[in-house]
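The same subunit A turns up in both complexes below, where it pairs with subunit B and then with subunit C.
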Partner chain A sequence: MAEKLLEVKNLKQYFNAGKPSEVKAIDNISFDIYRGETFGLVGESGCGKSTTGRTIIRLYDATDGEVLYDGVSVHGNKSKAEVKSLNQKMQMIFQDPYASLNPRMKVLDIIAEGLDIHGLVKNAKERKQKVIELLETVGLNKEHAERYPHEFSGGQRQRIGIARALAVNPEFIIADEPISALDVSIQAQVVNLLRDLQKEKGLTYLFIAHDLSMVKYISDRIGVMYFGKLVEMATAEELYKNPMHPYTKSLLSAIPLPDPIYERSRVRTPYNPNDHKYGPDEKVEFREVTPDHFVLCSDKEFAQMKKEIK
Partner chain B sequence: MQLDKQQLPPEKFERVVIDNDSAERITKPSLSFWQDAWLRLRKNKAAIVSMVVLVLLVLMALVGPHLNGRSGDVQNLRHANLPPKIPGIEKLGIFNGVGELGGQKLDLYEVKKVDEYYWFGTDGLGRDLFTRLWEGTQISLLIAFIAALIDVVIGVAYGGISGYFGGRTDDVMQRVVEILIGIPTLIVVILMILIMEPGITAIIIAISITGWIGMSRIVRAQILKFKGQEFVLASRTLGASHNRIITKHLLPNILGIVIINTMFTIPSAIFFEAFLSFIGIGLQPPAASLGTLINDGYKVMEFQPYVLLFPALVISILMIAFNLIGDGLRDALDPKMKD
Partner chain C sequence: MEKILQVKDLELSFHTFAGEVKAIRGVSFDLKKGETLAIVGESGSGKSVTTKSIMRLLPESSSEFKNGQILFDNKDLTKLPERDMQKIRGKEISMIFQDPMTSLNPTMPIGKQVMEPILKHQKVSKAKAKEVTIELLKMVGIPNAEVRYKMYPHQFSGGQRQRIVIAIALACNPKVLIADEPTTALDVTIQAQILELMKDIQKKVDTSIIFITHDLGVVANVADRVAVMYGGRIVEVGTVDEIFYNPQHPYTWGLLSSMPSLDLEEERLYAIPGTPPDLLNPPVGDAFALRSEYALKIDLEQAPPMFQVSDTHYAATWLLHPNAPKVEPPASIIERMKTFPGSRYYETKGGNV
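Now for the complex of A and B:
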């Protein structure tokens, strides 16, 4: 895991900037994603996870900061060819399988849309052949190509969405809560499909979710977001063993376990951002506490954390 | 237990293998949105009957004026004020040419020594009302067609551009609409007449100025709703052009609502024309429209009710038919809106 595939540097995304209704959806976050890994992004509803994903893939124009994909900036003025190549390399899987497929199009046309836009197939026969291949990759069969989205279940639709993203042979896939709208029994199916695809095609994922146990299962590294800021980032194992930021601790304390004895004694640690009691001139920064373990903290907290480790 | 084993011997059981392939199979035949809508529409009797009636009316409007070889604007004062007389049916005691003259019921055709048959009678100037009725229907349907066209072309384009591009474009376009909608259409027509001859052109221009606003608002709302949907975002992440997003994703999804709304615009346009002609600022005589015919008819309603009856019937049937079809289409194309 050496090569950086995606670098997010001081990314900011403000909506209604300069107006009284300004919302700082993403407030100065930085992280890197290495080739071949899965980076999990967790946080509560409305903390800016999805916005981060959408800004990275250019659905929103960033207010400030930059996103480098393979060393090339994603935002700003770009030529058509550059945009096209980025669109092909970066793809996205959406949260709601019921809203992410056009109800008026056949599955064949939905999946083939990327092929058509990028001119990846020469004729209708090849197009259909490719779509059938993709359907089989995600565990559906060729009869499904002629059908409409409303005839499928949520899990099947989500797999169609995955097939659509795979159609253009991407390297990097942003999975925006791909399983949160699915039944628990189907979630494993989709997550395992994503893992298999990763092994097979060497994909890199940005996996956005709020279900910590699922994120731990699939991710190599995890970033925790709170109110537009990245508060902690570490490898999955490390984050679970040694959570340092109080918000991460609170999140972890909220995971239920199927163990009645443990559940009876489990205490949720609430998180109140006012507990930090940051002074007006204290610098709250993203600092590396132990190697590859970053926490958003002030000088005082940083020293405290260092001390606790020793 | 023993009994169970006797009745259910092991060889009667067959092992079921879980086959993932068949688990994913869908047996229901695949129906497109339009096939599905047609199935639903077919069940709606009122809409189907209305469609048949409407087709008949359109046919009559096209061929009716030529059926009896008389022209609608030829005056024949000798034949004025004749009641309806239809060959065949006259023997039943209706449509037999009997009308009142000086308080007596007489066959006016005999009195006036007319050998011809006027199916729907004649007006005070001796014009054939049958021919005039269908000429009038033609005008009404023409107005309906033009109103629908303006609705679809201007309304959809305006609302679509405003909704899709949003931002400043949207702000400006919506302010323009707000100004336009503040002017009553009647005033637009009256102003039109100041500068041009009253007639069908003036009515069409009036409809062009304000008629499409309702449609543009509905289309804008729909576009706003759909352009943020994930399937449009997915298309954008794949690099789709505006053109592709509009034609492949947005238009097919709003088409149903556009059709429904058009079906409701048509009757109001027909009525608007009839109303203008009725109060005398629409079509001018000798041109016939349902409105002018009704205007002629209501003046002689007490003595010659048939002059009013036929155009009133036709306009009522037209309006009801369009409304029922619109209703049926709404239920068929937008099942969610039913409640």
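Now for the complex of A and C:
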């Protein structure tokens, strides 16, 4: 595939580091995101997927490891100008469209905030023109600019969140559960919008979610996280066809599908991390089992998986 | 089968500053003994209001029953005085709420909360009630119940809290259990556990369940029958197979096609255009007509009656009228219909024409 846009190398994010209450929210994960693709990140709540997104965009400082955007490190000491240029390239869409918009600001000002900060418009007229353009891109219209967030439904608010992210012409968007708070029929509208925008503007997405069927639909490649670790990574198709890590298998077997006949026969396989029975000096690493399909496993498991493929 | 609860032509409005919101506009359904009836629909379709009106949990100052009856045990719940309602609520009919984080009292040990309905509704000693409580907690899968029953809600995870809420709801062996989106706030794996638990318990205590959700995957998993609500009305009702494999209403088509399937490769998801109707000024005719590409002229003038598809399957759409033009449902719906004997697209395996 094409060039790497984002490289995450041995990223660690510990909260309360050194104290007894230390939490290893992200425990040594590495992955790359290529330009123009959608990388999906799934896992249950508390597995560190949102923390990963927030660390990548510098909302948290990483404990250890590197995040390289276009070859430039995101963390560490940076001049104001460097931070600003990164902020323009990377934007975020948040989960809760009710909490992520300032209720005391008009939609016009919410969307234009980024334009003002980065000095992308020269005067009030141009500013308004640009906002109206953005509103139209996300399927709203110019009357909406003068309204306040409470006047909108959840789906419309999420569109405003998307317009705000698009305002500064970013290359890379982190979408943190952008559809979990929305109704089924509205979810499809927002997902279609995200896909259209990607095609039109050549955007790259990091799509964080726990709804696996939507993730499969929108992503090119998917990473599965469990307790701060990436346990499996492959193309969307491959991951659903040949899940290798027992946690992925368990996660896939837990999704209820809108198909009563299938549901009657579906058996859920529970996952117990103790089943691995790793010895004290066994090296558990992220290994490439088949091309582009990585699994967190020990030597023994690796050999076993290799055998099962043949 | 015995009908345990009957809702007949229920109409309910809220009085707000903006005017009268007609939240339920003529809803009728039955609940049979031991079955699970799922009510699906998007936010604002009236599914939660319907069940809250069965429990009489709506504020009496702003809500008003306009018409209809809710028959339970030969009593009309819409007219029952509050004092009598209190004897039913929590005992005969109980409820599981959506958010286990907010439906438990954070300042009260969980054991006490489970014990509350037992002491209130049954004449038992405290010691006996404690015994029942611990048994209930064990039944819903709280490990080490003897110790943990003294703990507070914040000492439990989200899934465990929902188990405790279920234990409270089951405390008096209710005849009807209403579950309002009980798994929406939970992860897939935890959701699967809670659904398995509910099905298990239903087998043991033989209660009827009304299950409200907007997740069609969950519906396919738990329901015996399904009612689809839109704009304050039931637009289609049938057995789970009839709704998933032989849907008739364009709204049900839309709902089913907007879910991505795991094995089908689609370029674009089907999205129902527009937004749900404003029930301050409910549209004349079929409420879904404005968002439907299958709308007929009459849909804008007159609300469709329930047309019978089979003994158990009814749908409110003019498309089922004998004079209506034959329309093609979306491709993915035709795929579904092919597997259902009795639908017009059914393909018999074996190749006979």
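Quick note on the criterion: the second predicted complex is superposed on the first by the 310 of 310 C-alpha atoms of A that agree within 3 Å, B and C clash if a C-alpha of one lies under 4 Å from a C-alpha of the other, contacts with A are read in each partner's own complex, and residues count from 1 in each chain.
Definition applied: a contact is a pair of C-beta atoms (placed from the backbone, for glycine too) under 8 Å apart; a residue touches a chain by one contact, two chains touch by 3 or more.
As the structure is a prediction and not an experimental result, all values here were calculated from the model.
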When the two structures are superposed on subunit A, do subunit B and subunit C clash or fit side by side? fit
Applying the document's definition of touch, where does A:Y148 land relative to subunit B and subunit C: first, second, both, or neither? first
So, does A:M105 touch the first partner subunit B, the second partner subunit C, both, or neither? first
Quick one: is A:F286 in contact with subunit B, with subunit C, with both, or with neither? Answer first, second, both or neither. neither
Superposed arrangement, angle subtended at the Cα centre of subunit A by subunit B and subunit C, nearest 10 degrees: 70
Given the touch rule stated above, what does A:F227 touch, subunit B (first), subunit C (second), both, or neither? neither
If you stack the two complexes on chain A, which partner ends up touching A:Y278: first (subunit B), second (subunit C), both, or neither? neither
Min C-alpha distance, subunit B to subunit C, superposed, in Å, is 5
Does any part of subunit A touch subunit B in one structure and subunit C in the other, and if so which residues? 156
Note: in the complex, subunit A contacts subunit B through residues 54, 57-59, 83-84, 87-88, 90-92, 94-96, 99-106, 110, 113-114, 117-118, 139-141, 143-144, 146-148, 151-152, 156, 161, 164, 168
Show which residues of subunit A lie in contact with subunit C when the two form their complex. 44-45, 153-156, 183-189, 191-192, 195, 210-214, 216-217, 240, 250-251, 254-263, 266, 268, 271
Residues of subunit B touching subunit A in their complex? 20-21, 24-26, 28, 30-33, 229-231, 233-240, 244, 248-249, 252-253
Footprint of subunit A on subunit C - complex, ascending: 42-43, 158, 187-192, 195-196, 214-221, 223, 240-241, 244-245, 254-256, 258-262, 266, 268-273, 275, 339
